[in-house]
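Please go over the structures that come below.
The same subunit A turns up in both complexes below, where it pairs with subunit B and then with subunit C.
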Partner chain A sequence: MTEEKKPEEKKKRKTATEAAGKIGPMVKAALAENLRAKEEGKPIAYSFIYSGYDEIIRAMDIVPAWTENYAGICGVKRDAQRFLERAEGENFSRSLCTYALCGLGFDSWREELGEMPPDPPWGGQARPTVMLGSGQVICDPRYKWYQAAQHYMPDVPVYVGGLPYPPYEEDYDYREVQDYYVKYIVEELRGLVEFLEKHTNRKMDWERLSQVVDISDRTWNMISEAYDLRKAVPCPMGTGDAMNTMVPMTFMMGTQEGLDFFKDLYDELKRKIANREGIIPDEKYRLLWGGGLPSWFALTDFNYFNSKGAVFPAEVTYRLVEPVYNLDLPRVSDPLEHLAWRWVRYWTYRHDRARKRPGSTPDVERLIEYIEDYKIDGVVMHEAFSCRSWHPGLIWQLNQLKRVYRDIPSLVLESDIVDISSYNEADTRARIDAFIDTLEAVKSR
Partner chain B sequence: MKGQYFAGVDIGSTMTKVVIMDEATLASVIGPTGPEHRKLANRVMEEALGRAKLAFDEITYVVATGYGRINVPFADRQITEISCHARGIAHLLPEVRTVIDIGGQDSKGIKLRDGRAVDFVMNDKCAAGTGRFLEVAAESLGVSLEEMGRLSLEAENRVEISSTCTVFAAQEVVAKLSEGAALADIIAGLHEAIATRIYGMVRRLKIEREVALTGGGAKNIGLVKALEARLGFPALLPPEPLLTGAIGAALLGRDIVKEAEEKGEKLKISPRRLTEATLFT
Partner chain C sequence: MPEEVAGGLAAADKYYRDYGSRARELKKGGAKIIGYLCAFTPVEIITAAGLVPFRIKGDVNEPITKADTEMETIVCPLVRSCFDVSLKGKYEFLDGIVIPHACDSISRTYDVWKYTLNLPYSHFIDMPHGTGEPSLDFYKSLLGTFRTSLGKFTGREISDQDLKEAVGLYNQNRAKVRELYQLRKASPPLISGAEVTKLLVAAVSLPVAEATRLIDSVIKEVKQRQAAPAKTARIMVVGAEVDDIAFLDLIEDSGAWVVADDLCPGAREFFADVAVTANPVDGIAERYLRKIKCGRTFREKEGSYDDYLEERFGHIGRFIKEFKVDGVVLYIYKYCDPYGFDVPAMKSYIESAGAPVLYLEDEYSMSTIGRLRTRIQAFLELIAK
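So, the complex of A and B:
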């Protein structure tokens, strides 16, 4: 049976930083903690990264299970196909988000067996107490995924929220409407607290929540300051590593462990810069990962870029923070209100800048900012076929960038986040080779 | 560079091309790419040498390109087809700023500045938008690939082919035939469908005139006309569109040798042997 097949695991990717090298064991430990929590009867919440719920979950001592991450792990281990096929067998469409498809395949299998599917990657994903959906606007499947999972776990309650933010328009100022958004978000978060209190028998400790929010604010600042160090030439850390360090950024927000990780990363990057220690000894091209989730099963492509003299000092993917001190947040005593303001101000951070450049948008402004700050020679994006919410806009962004800013060499890779059948290493590397040729041609002009 | 000879070997997914040049093209050979690239590269090279009346050890430098470029054991250097096409077109049609290459299994757009590729787009994921699309359709229609272009010009009432997938388009073609649509009208519809896909991809580059069409697709007059209609102006065609990459490869070989001579550097040259490669060589 195809479902029983376990493919050969890919060799471990070489990382540039010690910090990125710690991530594998960290993720493994987090999964083990979930399984242990299950045995100890602690509440487990299926959760989505960057839903805005992190601090609440942590303050209530609920154990988060990051379902997108588990699908990503299956992808990294090149062991997602059997779960994708399982979900397809349940009649879910192949064009659905493959994180969702993989997760639903896993859940349906675990529920059918009453135990983990055979030989699950890193021990498997524990059955949750609650599922916290999030319609955070970049990703529509996050509304429906857990509702679909309820087919297999009808006894597990779902909370579906979704924190909105003012959309960008050239001819209006978000400040006119921001108060409405803040009020709405606060109500959504309060609803989440009530839901969790009801279904997990935990009471919110509001003092504890304030402390957790303070830790996450400091983590936002620490991440920003550490990542800013990558402006150095030679660059001490690339996007390949950032696809690892997204773990503490997204899965440990509001924890001391997450904050400490980025303090350590900051110190390590400082050390590397002092020693002029780059990702590669002879850095020829500096590239921006301009959008799209990576192919988790092909992170070694970043090393292939390195072998051609190219490094990625910056990426827009998984850089989900700005320095809090730059967001001009009002002083409020309610931690939920603080979270709401931080959310709205993060998403409107580049509105003013975009309005000054006709035809631009906040997303395009971010590309321009990184191109200038990180001395970028070219932009690489990845269109993952199953990530419908984000990737269709990438080409448009690239075109706008070239229209309102300058004609910069670009490469659009095509594959998927989890579905390895969409990937062809030889074709991908042929494209990278050709892209390197164009970078060389542009540089030598 | 008098007395020096350069070879360009372009192993595409469907056709293998070899060009031998000194100051001008001395010989060229085009043959089908089979599953055994290395064996075929040897044979086509041998034939080209025969036509140029040269022994292999008289060739100064060999550059391989195309998707099978790593399977040319006698090449001195492998260079991407993007760079080779750019170099080839810059030599053949220097006024060109955008190249549209329609190959057997992929299609690409290349933006040129000062004779070098500065941006590109590529479709290698889906057969629709490549020569394979027409090949499959020709099989369904019982028409040879060579006839397709000419027949499409006879269309009076072009049929809309709505399927973007090659497999489904082939089914749609059969359905249109059974509905009584004229062969020429269906073929014109197929050309329109492929031109739409290619144009949609290449326009990401901000197309600039002049535009050259290369690859096997450029030998299909129906496809050329459909693309020109999309572009809104006539495209330029090299004398033999299939040879652009191989000519570029030979010219890049010449550039490499010239630069090395100017710098006084010694280039690494592969053994000039055309014995059949085995798995262990």
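So, the complex of A and C:
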């Protein structure tokens, strides 16, 4: 019986920074807050990270429930299988996004029981008031997951707002189309406000929204400045830790707590650099996590890399901000319009750079930029079988990087984000060992 | 246009088997051919530009080998197969490619297609998922950008008159397909499911006027037929894109007729017309964003949940009644997010409409299709009881 399966929980991963070590309790507290909010009758919104909604949700005092995060927690706790199997039993294919499957398995079970499934990781996920999807060229589950969840919670309304960004094309410049993109995004964000006012009995306080947007702008800058410090040799913080610090970046955007977290991280990294304190004492290889979501149940693989003398000063994954002062945003009084411009300019940030290198694209330019800025020796990517958002195109990006820039050692790991049955620790580590040998051979040439 | 294009089922068979042969001929004659993926590519605009739209098709008989060097195996197997045969030179006549924001497998691989095939023209249409007024306005702007981009490529602006003429041609074409489907209502049907798919696949490889003549010739031919043998059940197939007859043959060889579908190419792609509007882009946008009922388009829930299911899947319910369907096969590819997430809701809707459902997941290859035979036979036995 799936209900009786016991998770085999992994030991806590050793972090390089104190900041990353605080994340577990922060996530646990956030989940406890959701359950408390439910008891107090506050509106709870199922939400996706990086949907551009954070500031609106915060300004309206709606409690976000980050459903991808809860699936990730189930993965970290190695307790996702029973929810995945439950979803499969509902006729959802196991090839679909395992965040979504884990969430759908959990939700369908909770709805059937009328209470939390037995022994839910960290207390479980509360029933939402609304579900906020988004339509964007990031991932299909962002509009399909909550629509599917509605099959088990037909009374819970779903909003799906469009949040596109101009594609990179050779025959026109994004500046020719950006105005209609911004106009559309503003309308969709305004639609979200109306939707939330209708379904949650909350009114938007526009002054408050402006304040929240200001906090999130400052957080974008603070994250960028803190992460830039990782260029130091030895590197004070790696991607393993960044997979923790993505929590305040994505789940606390627009809050003072999130901003303060990154101020503390900045100070901590400064101290470490002053003391020449790296992730490991003898840093031999500097690697770029070039794409792909991590296997949440196997974050200790980053420590394994460390044990071989390799560190990850930079990653593409969850580097979801640029310094706002570099985005050349027009001055606008409407905070929604500001959010729209910030979104469009973030996604078009490397278009001009790509245009200067034939065959390159903004994604490839980003790899090149990080390779140069962070003194990178090799690129590692992860192909998660269930996720067609960040993963299709990675192999091509790696090939194109080598074609338009230079050859560089690379490794593509294969597993999943949540489904541990796709993972083989011995094989993964054997591949890492072989990659380290390659790095060594290249270094000693 | 060669005479044989109007040559009924034999011509359809030829163009299906030697897929792309007509485009190759046209290319030799100086035409420019634009490959595209998915029913969400607004072919009217390509035709209005004086170009020939050509639907890129995969091949279930061809093992995917070359594609894996540039495209992840977690991508939809149909898209991988399309890319694989393209890399192997099957569509060497293409002058460009257009990819719409249909699903992750298609849209997230745009760069892979664009830079690997390295064709003179490429364009991505960032179609929204929503269907509200802001989404419609945004989509019209996107179509305006596409129109301008194609005009730059050909060196000739696309006029409203060009668009209106193209809309007229496609509406005629779709009317012919609807007429064809009427022949499936007879018991037994005058045309098999495999023949319909073969014809429609052939049709999307041809210029629209030629495709219309081909379909018309098939209608005339089929109307002259003697009644087909009776079979145990009338089946409807629902899924994303089925561009090969192998699966339909499997059902029909197992003793049933496939009499209806919600597929591309098929009813989903061909049933909705473009409304004739003062600005032709308005009618085109409305059709693609609102009229094509596909899992990739998000429709807001209004009213009860049952009403919502009716809004999303009501056309399937109507087909079940109109075509006297005994059972429905949900034929979904592995890694298909728009349809994979719909399975529980769709299955429940269809069952409540009174039709039994068989849900099959497949991988777009002859080896996996063959393994489905036993399950289909068991389903047909269940229906027969």
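What we mean here is this: the second predicted complex is superposed on the first by the 445 of 445 C-alpha atoms of A that agree within 3 Å, B and C clash if a C-alpha of one lies under 4 Å from a C-alpha of the other, contacts with A are read in each partner's own complex, and residues count from 1 in each chain.
Everything that follows uses one rule, which is that contacts are C-beta pairs under 8 Å (C-beta built on N, C-alpha and C of every residue); 3 or more make two chains touch, one makes a residue touch a chain.
Here the structure is a predicted model, which is why all the values come from computation and not from measurement.
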Task: Determine, under the contact definition given at the top, whether A:Pro121 touches first (subunit B), second (subunit C), both, or neither.
output: neither
Message: If we overlay the two complexes on their shared chain A, which of subunit B and subunit C does A:Gly290 touch? Say first, second, both or neither.
response: neither
- prompt: Which partner does A:Gly258 reach: the first (subunit B), the second (subunit C), both, or neither?
  reply: neither
Message: One more residue to check, A:Asp171. First (subunit B), second (subunit C), both or neither?
response: second
Query: Where does A:Asn399 make contact in the superposed view: on subunit B (first), on subunit C (second), on both, or on neither?
result: both
Query: A:Pro409 contacts which: subunit B (first), subunit C (second), both, neither?
result: first
Task: Would you check which partner chain A:Glu187 touches, where first means subunit B only, second means subunit C only, and both and neither mean what they say?
output: second
Dominant toucher of subunit A (residue count), subunit B or subunit C: C
Message: With both complexes superposed on chain A, which partner does A:Asp437 reach: first (subunit B), second (subunit C), both or neither?
response: first
Touching both subunit C and subunit B, counted on subunit A across the two superposed complexes: 395, 399
Query: Any idea which subunit C residues touch subunit A in the complex?
result: 69-72, 74-76, 101, 103-105, 107-112, 115-116, 122-124, 126, 128-130, 132, 134-135, 137-138, 141, 145, 148-149, 152-153, 295-296, 298, 300-301, 304-305, 308, 332, 334-338, 340-345, 347-348, 359, 361
- request: Name, in rising order, each residue of subunit A that touches subunit B in their complex.
  value: 395, 398-399, 402, 407, 409-410, 412, 414, 424, 426-427, 430-431, 433-435, 437-438, 441-442, 444-445
- prompt: Where on subunit B does subunit A make contact in their complex?
  reply: 67, 79-83, 86, 113-114, 116-122, 124-125, 204, 206
Interface residues, subunit A side, partner subunit C - complex: 90-93, 95-97, 100, 133, 135, 137, 139-141, 143-145, 147-148, 150-151, 154-155, 157-158, 160-162, 164, 166-167, 169, 171-172, 176-177, 180-181, 183-184, 187-188, 191, 359, 361, 363, 383-389, 391-397, 399-400
